[in-house]
Amino acid sequence: MAEEFEPKIVAFLCKWCSSAGSDLAGVSRMEYPPNVIPIQVMCSGSVSPLYILSAFKKGADGVLVSGCHPGDCHYIKGNFYARRRIALVKELLEYLGFDPERFQMSWVSAAEGLKYTEIIKDFVNALKPLGPQTKLRRNP
Amino acid sequence: MVKLEDLKKEAKRILKSGKVKYIIGYAKGADGLMPIPAFIKDPDGADDLTWNPACVHNLTKFIVDEKKRLKQDKNPDNRPIGIIVKGCDSRAINVLLQEKYIDREDVYLLGVSCEKTGVVDEKKLAKKLKGQRAVQIDVEDNGNFIVTTESGSEKIPAEDVLAERCIECKANFPVIFDIVFGEKIKRRVDNPFQSVEKIEALPQEDRWKFWMEQLDKCIRCYACRSVCPMCYCDECVVDTISFVVEPDTTAEEKAQKIKWIEKSPNLSENIVYHLTRAMHLAGRCIDCGECERVCPLDIPIRFLNKKMEKDAKNLFDYEVGFDPDQPSLVSSFKDEDPEDFIR
Amino acid sequence: MEKILQKKAFPKWVEKLDAYEIYAPVKKDNYWSYEIINTSGDIGLDFPNTVQAPKKIINPQREVFLEFGRSEENSLEVTEVLPEEKSGVIFGVRPCDAKALLLTDLVFSGDIKDGYYGKRRKQTAIVGLSCNTPPSPNCFCTSVDGSPHSQDGFDILLTDLGDRYFVKSLTKKGDELINLGKSIFTAPKDSDKKELTKIHTESEKKLKRQVKDAKKIPPKLKEMFESPFWDEESMSCLRCGICTYLCPTCHCFDISDEVTSVAPFKGYRIRTWDNCQFPDFTMHSSGHNPRPDKASRLRQRIMHKYQYFVERYQNYQCTGCGRCVSKCPVGIDIIEVLNKVRDYG
């Protein structure tokens, strides 16, 4: 039986909100696909475009950046800077001809465990038909 | 009309007064059409100055060089530097001022207006002349270029050989200057981002094919980075040079040192290099076009940076290089910033 | 051996060479470049010189040396990666670029032999095209012991006689290539040989730029090491690296390890071109840099080519192709610099 393609998602989650939200999903025994590799960052504003490009270069099929809702950032303004910067990265990747569905951003608070599971479910379903990411992946 | 004699007179005047250390301008090259950057230290040297549509270079890079040289000088001469700036170059000065890399007193700006035309694209001109070599180019009042080759002169309408960036230019008159030559003539620019929109209009797979072919050519000579006045980081993310290795540096530390971009020219590394550079220039690139001009393999680097400029304007209402007091694009935000892409 | 090849028959000869990988100059938008040709009809030898020298084929920008990784038994395995066994032919190489390969041979196949370079060099045949007119306005090969019809470094040299090529084979490899074509070639007539001599003699006079008395330059350079001359000349240098990367004789390289995956552990040891004009070329791991400024790096480039190499190998390390002059973004002109050096003081 042919193995179904399982996309690998790298998720940059801000420690204070999104990572806590994903923990809540786990503690509450909510079911969601195991395709995520979570990386905890202090703030979504600290996510550099290099992290995102590096994840794609190493073969990630999808990248998610998730932070606190606007106004709720633990460092006051970090997520506002992220909003601008990630918008630019998204535009640039799309301009290059990269699939725009592979790179997503979300606001997930520490209480939104359910929202987190839904985001991951939808992300995995969107990535499955696209197949493995080959465009930015490093071929030695 | 920009009168070269007035330019030379002013250069001589400020050099004689000792107000400036030297003047950076354009002088005639040893051979052929293109001028070379010249560093005029005494008033008599000002006779070497030239000004014509072949003066494409962005001289603000040498201001950055001078700043770095001063840091290592034991007895620095802190007088300002005179520099001849076109409209685009003056926007570069504004960005350097905005980022507080230089102070206003560090430069004395001799602005020149491009009036109805701009600078010539050497490759377009070579195609137009069909193999003949141009030795001189001048501009007429009505906006035509007069090109002299070995076999005589001919008139060429400026739009046929103007650099792409001049066709989309919003600043044909210097936006900051101490003294300016030439008149302010408003040029109609129908669509300042038409070159970017042409690529955006392509279907996704065609776009990817286009960029893949272009970025595969890259030999990582870093000429684009070296010529850009905005690339002034002491240590570039590509180079990782300042990791000091001492006798007690552990193997663990050496292995953990993060290398974001490998040295060898692989397609994926080239993409990461160019995208990173475009991101670092978001809100800072003023489209002087030098990166594309110097690339030995004709990679259209300008289109990447121009896309960032378009996004800055359309998404965040941010104009690069017109106001030296505005905050930088990525270290500021507005409440109205678009977030429809965020779930 | 000497033969005549009609231009119309040229693609037929190329078709016979299907056992070889063929490189020829291809026009890409605004510039020419040596690329692999798939159909013989694509070859046109009507071209000015290419932007990148043929050194990129024999000494590639990226060359894998070793492959290393951890096997399943957790032992470290290292395998050598040699260049592929593939015979190649490069068409349309100009005499300056062929001489450059000979100069690089002195370094890579001299006392110490580089196996990777040597393998590629041995399995690639060089078919050249002599320059009836200078391909670049900045050519100066005659000033550095070269000539537009020099035979150094070629397996076969073609000279354009209008509707046909005069084909001269200079090595056994060249003979083999011609024998694969056999009946496509004809014997040269006396009129062909006369035409050849005429074209060759005239071609030498057509070069527009010269460095007169280049012999005076190496001793002059030795005296000028501490001179402020270099500060003035390098003021506008942008350390962009174009001159070195496009130069057919420049060959400095860097070796680095690239780890492609951590679990399982796998990586490559790769050689890439390096560039003495980059600020970190001479950066020591202690942080000290003996060539921290542009003046010392420009001095290094000129002295390496016109003094150090002459002392070591009795040859200028420059073949006068003029690429650095044409492509320098700020117009730093090596011909001007050399003329100034010769007359300095």
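Annotations for the structure displayed:
For clarity, chains are labelled A, B and C in written order, and residue numbers in each chain start from 1.
Here is the rule we go by: a contact is a pair of C-beta atoms (placed from the backbone, for glycine too) under 8 Å apart; a residue touches a chain by one contact, two chains touch by 3 or more.
Source: prediction; values computed, not measured.
Chain centroids computed from C-alpha atoms place B closest to the centre of all protein C-alpha atoms shown. Ranked by how far their CA centres sit from the centre of chain A, the chains are topped by C. Centres computed as Cα averages put chain B at a distance of 31 Å from chain C. Centre-to-centre separation between chain A and chain B, using Cα means, comes to 36 Å.
The distance from the centre of chain A to the centre of chain C, with each centre set as the mean of the Cα atoms, comes to 48 Å.
Residue positions 266 of chain B each touch two or more of the other chains. Touching two or more other chains at once are residues 138, 140 of chain A.
The set of chain C residues touching two or more other chains comprises 258. Residues 49-50, 53-54, 57, 70, 77, 80-81, 83-93, 95-99, 104-107, 119, 135-140 of chain A touch chain B in their complex.
Of all the residues in chain B, the ones that touch chain C in their complex are 29-32, 34-39, 57, 61-62, 69, 72, 123, 126-127, 133, 219-223, 226-227, 239, 241-246, 262-266, 290, 293-294, 296-298.
Against chain A, the residues of chain B that register as touching in their complex are 199-200, 204-212, 237, 260, 266-269, 271-272, 275-276, 278-279, 282, 304, 307-308, 311, 315-316, 329-331, 333, 337-339, 341-343. The residues of chain C lying in touch with chain B in their complex are 28-31, 33, 51-52, 61-62, 137-138, 209, 235-236, 238-242, 245-246, 254, 256, 258, 270, 272-273, 275, 278-280, 283, 285-287, 292-293, 325, 327, 329-333, 335-336.
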